[in-house]
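The following blocks contain the structures, represented as structure tokens.
Presented sequentially are two complexes of subunit A, the first with subunit B as partner and the second with subunit C.
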Partner chain A sequence: MAMMVQEPAKRESSDFAPLLAVNDLVIRISIEGGDSVTAVRGISFSIAAGESLALVGESGCGKSMTALSLTGLLPRNGRVVQGTAFWSGRDLLALPADALRRVRGRDIGMVFQDPTSSLNPVLTIGQQLTEGMREHRRIPGWARLAKAIELLQLVGIPDPETRLRSYPHEFSGGQRQRILIAMAIACQPRLLVADEPTTALDATIQAQIVELLKGLQKRLGMAILWITHDLALVAGLVDRVAVMYAGLIVEQAPVRDLFNRPRHPYTLGLLNSMPQTGVGLQATAALKFIPGTPPDLRATTLGCSFAPRCSMVLDRCRTEQPARVAVAAGHESACFRAGEL
Partner chain B sequence: MSAPALVEARNLSLHFKVTQGALRRAVGTVKAVDNVSFDIVEGETLGLVGESGCGKSSTGRVLLRLAKPTSGQVRFVGQDLGRLSPSELRRARRQMQMIFQSPFTSLNPRLTVEQTLREPLEIHGLGSNSDREARVQELLALVGLDPGAACLRPHEFSGGQRQRIGIARALATGPRFVVADEPISALDVSIRAQIVNLMLDLKARLGLTYLLIAHDLGMVRHMSDRVAVMYLGRMVEIAECDDLFDHPGHPYTKALLSAIPPSDPDAARDRVVLEGDLPSPLNPPSGCRFRTRCPMATELCALEEPLLRVLGSGPAHRVACHHA
Partner chain C sequence: MSEPLSRGPSVWRRFTRHRAAAASLAWFALVALACLLAPALAPYPFDGIDLDSVRQPPSPSHWMGTDDLGRDVLTRMLFGGRVSILIGILAALLGTLLGTAIGASAGYYGGILDGILMRITDVAYAIPTLPLLIVLSAYSRAALPSMVLIIGFLSWMTTARVVRSQVLTIKEMDYVEAARSMGATDWRILSRHIVPNALGPILVGATLGIANAIMIESSLSFLGLGVQPPIPTWGNMLMDSQATMATKPWLMLFPGLAILLIVLAVNFMGRGLSDALDPGDPGLERLPE
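Coming up: the complex of A and B.
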């Protein structure tokens, strides 16, 4: 199978020592009939301590697989076939299961999309909150309980002493997500991986959870990797954004630069297709849109996978995969025509 | 408003009994829609927004009489749908159709696109066999699908194309009024704008009237002429679209609008982040149902339920709040 693998992006290492550095990650998923698709096709990114990075893309772009691979939670049919993910001098992707288990849940916390299926229905919240501390930190029982109460207070669950004895079904969706956040930060992780943490929630509850995570990040000084399909959500939220399309990071930039001057036609198309909602703005007659549909990953692509939908396509784009190169300070784009944008 | 109303909802309620145990003992009533009145004028798009469980989808279903209202009436072109005989109701239904949220579950996987699009024509006895064949082709062209799509089945299409089929099916009988229940929320982000543009284009070409049920407020603003906001079964505000977005009167509307993520990283704004969760619909608060989360709530709000009343900025803007 001819596969285009992206050159790892060069980064000035003097800027910061990354907390996590992912290099040239390739993930393959086997599907029915013995075939496999390459869900992630060689991506590189890093996160500094205390930084927030958003991995943005549509369903099937590989963003969730990337997040799952970092914590060794890929589904059975998924496999990392190439790449490294360095964390404190160790490659997470090469760690044996028990060593990875010590990192996961302690140094790296995780919050997932669906708060209902992520909690065990037959255990109380207190039991589930203290489980991580029992596993990862040698904290005596009485202190664990006090810590659990403190955590529930931190995430805004009223009356935490009594609620510790409640079961998941006794909480609302927003409260369950708060509890999962409390579990994820129980061992004071240095990185929180948040995979669509607000997608299953209502608008006003979504705003609550976003504010909560922002506040916790500041307070605890942890880095956050946000995985989301919603470019609008990240505008006021993160430091940097990496945009994924069909298994590749096509653009990566500080959040302001990305919104003010997107340098990849896909990012530009996504931003243009968002209706403007600011006060006083008049709705225009028709939205700009990206024609066509996201590619079928089963088909092998030669060249840029966005080429069939791109308004700026060149002949070259159909045969050659553009490498991700720096177009401005901290701003990288995988497009031959990035200079014209 | 001078134009005649196409759809009129009068004191509309839809209640569900909640039962428990083997004896199905009634333990309470959920008032999914509770005493709601509004008009939809021919040719307009009324956006209906609110969080899950607020009754917006139930309202849409009652308008089409897919659910029988517990009380109140729906008038379509002046006739009370509750007084129609079954055959008259079927006739009326040609004129009012629905676009569903999920293009994955709302199409029968065993039927070809042609069979799917012919079904409404057959049910309503419209046209001869060859008319129907021509109509299928006409519908495919209308929603931007190839003529060859007729003989394919749903799994051969992408999500966006499937939603086009769902829209074509809704239009098959030539309706005047279409209820679109979250028509884009199940689609990929880069596809949504295509479907929004298609719906606006069809509205202009066919003179459709839409009830757009959605939680994506950006899209609602883009597509609607007027917007109504619901909270726990009650309508709390209704206004011209720009008026509602620029001058929201109800504290809940303000919070809902402020929950829209900013489209600009530099946009500094005062976010109204609500405390607490939606109360249980089984046991809604007394008085104003929003008072438990409202920053402006007073004693009066617990005692007396506010009714929709006209707000200063024009007769079309109505708000149900004591303090607006």
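Coming up: the complex of A and C.
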């Protein structure tokens, strides 16, 4: 394989047949008073089968909206106004509602942020675990049960046979998240969308959930789209990272390259604002932060939306939106000064 | 369907731990059974007129006394209960099903459907019940099925409104979103996730509906539009006793007490059931977190 002629890496999407290819996605959210904000302003990315991609950004940067739009779960006031998302030759964004429903849970599984409120309090775990199978698989009840037990074993819930009859409130937060993961993978989806799955959990539990998902990904060969605001979390976890800012992907790179040599001032700022920890390390340096706040998405901004906060800003940045261009193999940045970084 | 995962057994256990609810269920079952077996249990025929012994107070031969025509009150109570309880349950069931279906669709789908259904509800609310009943009874025989239909179709509006408001809240819950992300159909989301979580208010509404239906049946009987004499119901027995309330209190006391107790029992059962159906509610068994 290594002997094959390597094409110059123009776009990572041409290197493999992508499982999901999102192109020029624009999402608008209507807000009170007839106004609307453009939460996602034309982003493109792709995920290969079995690959893991992290979509990283501050809250409000449009990362969750992007994930929700793929399966038609945008809130009522949200609307995809432009773009395509190709999945097995079909554009998910153009699928009729019922066809999209059949994709959900079967082809694309989702894990949400809050494991406590994402489980129905009046149904047993077993009832909820078998729900996707009832919808997507024609298998008898005993087979669904057996599968549910297997799923609970897979996500590390002890004593699965009896726990099937338990209610959500009888589990701890970490266990609930394990159960939600089991639900999401019940029909063996090829892509798992994990929308901040560890945010509501304790730090020690977070690590367990991350390890669990990593293990499951390897075992089941599924792709994972991580939605998170936590760069540190994805460091040892994903293959590639796409950094979002104000509705745009400003940088995209293999995880190692991104950490070693960020090519966008925003990414740099994010990395600098990560607390450094380690044995013997003194907390001497104050944590650096990025000055300012993300822009108001109601206003149409001219130029780079990060310009007002950027320490490397040029005059040109305020009038012209830099395009995302390849700066190294598989590494793209939307900054005029990417070459200097 | 495979039901080993269902919550039937645990709901039953929790329900029976609710003492008032368990006692109410026992009372309700006892009364219902006695009424059901009325032909075998009753000491006299329900229309057995005995003009030699009218308006007798309770005695060993007539435990609850006799009425204006010398008919045994106990007998009439047993037969009357059959009609009253049956109308109460069936009419409340109809009203609750109708109200839940209308309220849930309105709340879940929203938009134009919501507008149309809720305006229909408003209109149905605005119709004065009694004149409508009088008109309807002119066109229908005052038989049990038509009574059930009429009362049921007149009593779904409150449930519809309550269910709609519940659904509006529940459909925004994360677990509904999670179910949707699993590819659940609208029907599954409504029937498995939304309506079960609104069951508390629905059941309370249903129990009030039973009480209400028994009352409506009484008013109709009083107006001569309900179940016709000589068939007794607790409602028409109570109404018949009005004239002699002061002098012959037992004529009023027994049917009145029967209605009161059955309505109370049904309400307790509703409360117990709604507690038992909420697994997160520790109720009487304290669950450690």
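Note that in this section the second predicted complex is superposed on the first by the 322 of 341 C-alpha atoms of A that agree within 3 Å, B and C clash if a C-alpha of one lies under 4 Å from a C-alpha of the other, contacts with A are read in each partner's own complex, and residues count from 1 in each chain.
Going forward, a residue touches a chain if its C-beta (ideal position, glycine included) is under 8 Å from a C-beta of that chain, and two chains touch if they have at least 3 such contacts.
Being a predicted model, the structure only gives us computed values, none of them experimental.
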Joint occupancy of subunit A by subunit B and subunit C, clash or fit: fit
First, second, both or neither for A:L145, with subunit B first and subunit C second: second
Which superposed partner A:P121 touches (first subunit B, second subunit C, both, neither): second
First (subunit B), second (subunit C), both or neither touched by A:S88: neither
First (subunit B), second (subunit C), both or neither touched by A:N77: neither
Contacts of A:G174 with subunit B and subunit C, given as first, second, both or neither: first
Which superposed partner A:G132 touches (first subunit B, second subunit C, both, neither): second
C-alpha centroid angle, subunit C to subunit B via subunit A, nearest 10°: 80
Touched partner set for A:F112, first subunit B, second subunit C, both or neither: second
CA minimum distance (subunit B, subunit C), superposed complexes, angstrom: 6
Subunit C-contacting residues of subunit A that also contact subunit B: none
Sites on subunit A touched by subunit C in the complex: 71, 73, 101-106, 109-110, 112, 114, 117-124, 126-127, 130-132, 134-136, 140-142, 144-145, 164-165, 167-170, 180, 183-184, 186
Contacting residues of subunit A [partner subunit B, same complex]: 58-59, 172-175, 202-208, 210-211, 229-237, 255-256, 259, 266, 269-270, 273-280, 282-283, 285-291, 293-294, 309
For the subunit C and subunit A complex, residues of the former touching the latter: 1-2, 4-7, 173-175, 177-185, 188, 192-193, 196-197, 199, 277-280, 287, 289
Subunit A-touching residues of subunit B, taken from the complex the two chains share: 51-52, 158-161, 188-194, 196-197, 200-201, 215, 217-219, 221-222, 241-242, 245-246, 255-256, 258-267, 271, 273-274, 277-278
